[in-house]
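Same chain, two partners: chain A is paired with chain B first, then with chain C.
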Partner chain A sequence: MKQTLVICKSLIRTGLLETFRRKEAWVVIFLTILMTFGAYTFTFFGVSGLDIFVKDMALTAVGLFTTIIGSVIATRQIPDDISRRTIFPILSRPITRDQYVVARAVAAFVMTALCFVMMTTVVTLLLAALKLTFGLIFLQYIWLKLMAVMWLSAFGVFLSVTLSQSAAFTLCFMLALGSGAFSRTLLLTVGEGNPAVNWVITFLYGFLPHYALFDTTGKVIYGWKPIPAMVVVSLTIYAITISAFWLYLATRKFRGQSL
Partner chain B sequence: MKHPITSIFICAGLLFVSGVSAKVALPDHLIQPSSEGANEVYEEKPTTSIVGEFRTSVASYLYAKAHEYMHGGVVFRAATDTEVANGRRTASHGDSLEAHHGSQETTVIPEQEFDPRSLWGELDRGTQPWMDIRVHGHRDLSEALPLFRMMTWADPHFIEGYEMGSYLVFSSAKNKRVDRAMKFLEEGIANNPGSYRLHKSYGHYALTITKQNELALEHLEKAVSIIEARQLAKRTQRNDSMTEGQQRVAQIEDLEQSQAWNEFIQVLRKLERKEEAIRWSKRCIEVNAPCPSGRRALEVYGVKP
Partner chain C sequence: MDIIRVENLCVHYANGRSSHCAVDNLSFGVRAGEIVGFLGNNGAGKSSTIKALMGFQKPSSGSAFLFGENINAVASRQRVGFLPETALYSPYLTPRETLRQYGELSGLSLSEITAVTDAVLEKTGVRSKADVLNRTLSKGMLQRVGLAQALMNRPELLILDEVSSGLDPIGRRDLRTLLLAERERGATIFFSSHQLSEVESVCDRILILNHGRLIAERTIKDIRATEPSLEDYFVRVVSDSMSAETGVSR
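Moving on to the complex of A and B:
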């Protein structure tokens, strides 16, 4: 365990340096500011009362760019190491392939989480400057988004050891971004079944991508009351379980993979 | 230092060129497919069609957003006939706001008893904006108003935007700002002089709220004359091959037209223009069978339909 943590720490450090070297974090932060401020510029043309619209644009931008950067980071971790052949010196050290995959997923999670926190901080400060604030539910939003990022990182790493890098990114991004639409479509298709069918649906439903389930943007921007603690706890347990599941599959796949 | 200055000049030049292009191109781009001479412009300038579609898409997106804003982010959809038959809850209001829903709307996230996902459904209802649609309330409607301003800027021919926007301007203010609602409609009429719906709405406010009967007559007469001019085309368009959606749109059109007729005859009666009221009542019954105002007018004036 301790050894895995040491490896994680090392990979996180190099991963962060890579992310900042590529200037990805700065680009998404800049675009977030642009979208938020872009929405606010309507006030210059005499349109007042745009509080919700500006908040909506700001959090939509944060959510969208977190998904993009999360998918990019998670799906490039292992393929990049393989293509640059840096994986060989890493695996020549006394670490297992399982530890390597887990460390890469943790590194992806930390990097994406850091980008998300940076974007959120910038947006919060920007909105505060425009005299727009969020309620207590915003803290739950941050926590649940971090849980979503954990799922995204594990899922992205699993896809990256299963598919080519570009296919993994496309699928990861599409499934994360469209998860809400997929769930709704399934719901419409299934309709109301009998209890036995419902149990099967409930079980299988858990394996579908539920990135949107962690997204409380709607409640935050409209100032709803905080979410019941049980919902947050349930989603946290689910995020940990499903991330562990995808990581388990990723390690199984990577064990027998020729490099 | 040289490069930034060059960049600024290039940007300024591009902005100038864009501005001039927009100024030259916009009149074409504002032409709607239904307007006179639009086909020729669309044939010669394909970008007109593309830009037109973009504008309409933006306006439609903002319209959907406005609907969301009014309901605190809760997303609605049309309920299927099967769902309604199975007892799925459909929209009705827990407050005084009326007339902005279709007849069979329900929430995208279902209620517990209609949700096959059990725990997942609970989590969905916990994290996403959701409320019981049967007695749902509305947020401060003024929050949605800026979107109506923006959507009618994006697409000045978006009739629903003007209609619903003026209704919200009127109904959201505590002191019923009918003047602002009518001003918004005036802008809509200026951009869409051929829209009977905007004339009808304007005439409705003038007749029922501000009690300006002459003004109401002017607009309701215009609305009816537009309907009359289009009546023949409408009749030939409606047939059995229409889809369910087209039939629903046709029903709404019928209802709107019927309201315009009724209010037109009402205002004629209020202004005591007996001959015109009789003439238009007969015409109303001829083209619009129920026409309660027309029948009532003829009954009052002792004339057989």
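Moving on to the complex of A and C:
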């Protein structure tokens, strides 16, 4: 366990250096500011009552860019090492493949989480300067988003050891963005067919990612009261369980892979 | 004691329905303190053998041991320094940061890393470029960074794949000096290379592979006594092996 933490720490440190030197994090932060401020500029033309629109634009930008950067970071961790051949000196150290996969997923999670926290901080400060604030539910929004990022990182790493890097990114991004639509469609369909079909649909609903469950953007921008703690705890347990499941599959797949 | 022990090793690559045999029933040993050159044409099976030794490629059959430990055991890699063929170390890190990463992965403490890094950078000739990004380095300089990362944990066994790849004549001379210094320190060295002059000047013994099979195993001293040069010997042995194979297939 201690060794895995040392490996995680090392890969997180170098991963963060790379992410910031590649300037990806700065680009998404800049785009988030641009979108938020762009929405606010409508007030300069005499349009009033745009608070919800500006907040919506800001949090949509944060959510979208977090999903994009999370998918990119998670799906490139291992393929980058393989294509650069740096996986060989890494795995020539006394570390197991399982430790390597877990460390890469944790590194992807920390990098994406940091980008998300930076974007959120910038947006909150910007909105505060524009005299727009969020309620307490915003803290739950941040926590649940971090849980979603954990799921995204584990899922992205699993896809990256199974598919090519571009296919892994596309699928990861599509399933993350489209998970809400998939889930809704399945919920509408269940009960319409015979029991066997319902069983398949129920299985699919359980198996498919539910990234959208963690998104409370709508509730935050409309100023809802905090959601019950039980819901947050359940979603946290679900995120940890499903992330562990994807990581388990990733380690199983990577264990026997020829490099 | 054999530091490296390979017994009846076979490596097959599946390609759809067909299968390609890269290493065929290979057996050899490397003793402590030796410098052994691993030679062969492109596709002879050198890199596949090295990958199997490091646990990157699962052998189809046979077994291999490092320091008496089966290669499947993580502990077998504890005292090994490995240089892969032409690795592109992270373009957004500096050589110093790269070495810190590999030092940490080797289980060294920060103080140990700090103490070793400068010495290793000096030894491999990367010190002047220690704090510039890897993406600005030449291929030869990246190869030196690769050598530096292999030396970070003061390994007792160095396994180097195509070690002189990308190095200029001065780099190759420095490499020879480095390999001999490492042997003086007590390290055992096993490396593959196409630079026969370099192999001749530093190795105690050579192994020649052709189509995954070991076709010759001799000491350099012996070759010097009986052959015009290592190059002549290598060409003759490989040609004979190819002719024999062609004859058999006919």
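As a working rule, the second predicted complex is superposed on the first by the 245 of 259 C-alpha atoms of A that agree within 3 Å, B and C clash if a C-alpha of one lies under 4 Å from a C-alpha of the other, contacts with A are read in each partner's own complex, and residues count from 1 in each chain.
The criterion applied here is as follows: a residue touches a chain if its C-beta (ideal position, glycine included) is under 8 Å from a C-beta of that chain, and two chains touch if they have at least 3 such contacts.
Just so you know, these numbers come straight off a predicted model, no measurement behind them.
With chain A as the common reference, chain B sits beside chain C without any clash. When the shared chain is aligned, chain B comes close enough to touch A:Phe214, but chain C does not.
When chain B and chain C are set side by side, the one touching more residues of chain A is B.
By the touch criterion defined above, A:Gly38 reaches neither chain B nor chain C. This overlay, made by fitting chain A, leaves chain B and chain C with a least C-alpha separation of 25 Å.
Comparing the two interfaces of chain A, the one with chain B and the one with chain C have no residue in common. Per the touch definition, chain B reaches chain A in the complex via residues 65, 69, 72-73, 82-83, 86, 108, 110, 114-120, 122-124, 126-129, 139, 142-143, 145-147, 149-150. Chain C contributes residues 13, 51, 54-58, 74-75, 77-78, 80-90, 92-93, 97, 101-102, 104-107, 133, 146, 149-150, 153, 159 to its touches with chain A in the complex. Residue ranges of chain A in contact with chain B, taken from their complex: 42, 47-53, 56, 144, 183-184, 187, 190-193, 197-198, 201-202, 205-206, 210, 213-216, 218-219, 221-222, 224, 227-228, 231, 234-235, 238. Residues of chain A that touch chain C in their complex: 3, 6-7, 9-11, 13-14, 17-18, 21-22, 84-86, 88-96, 256, 258-259.
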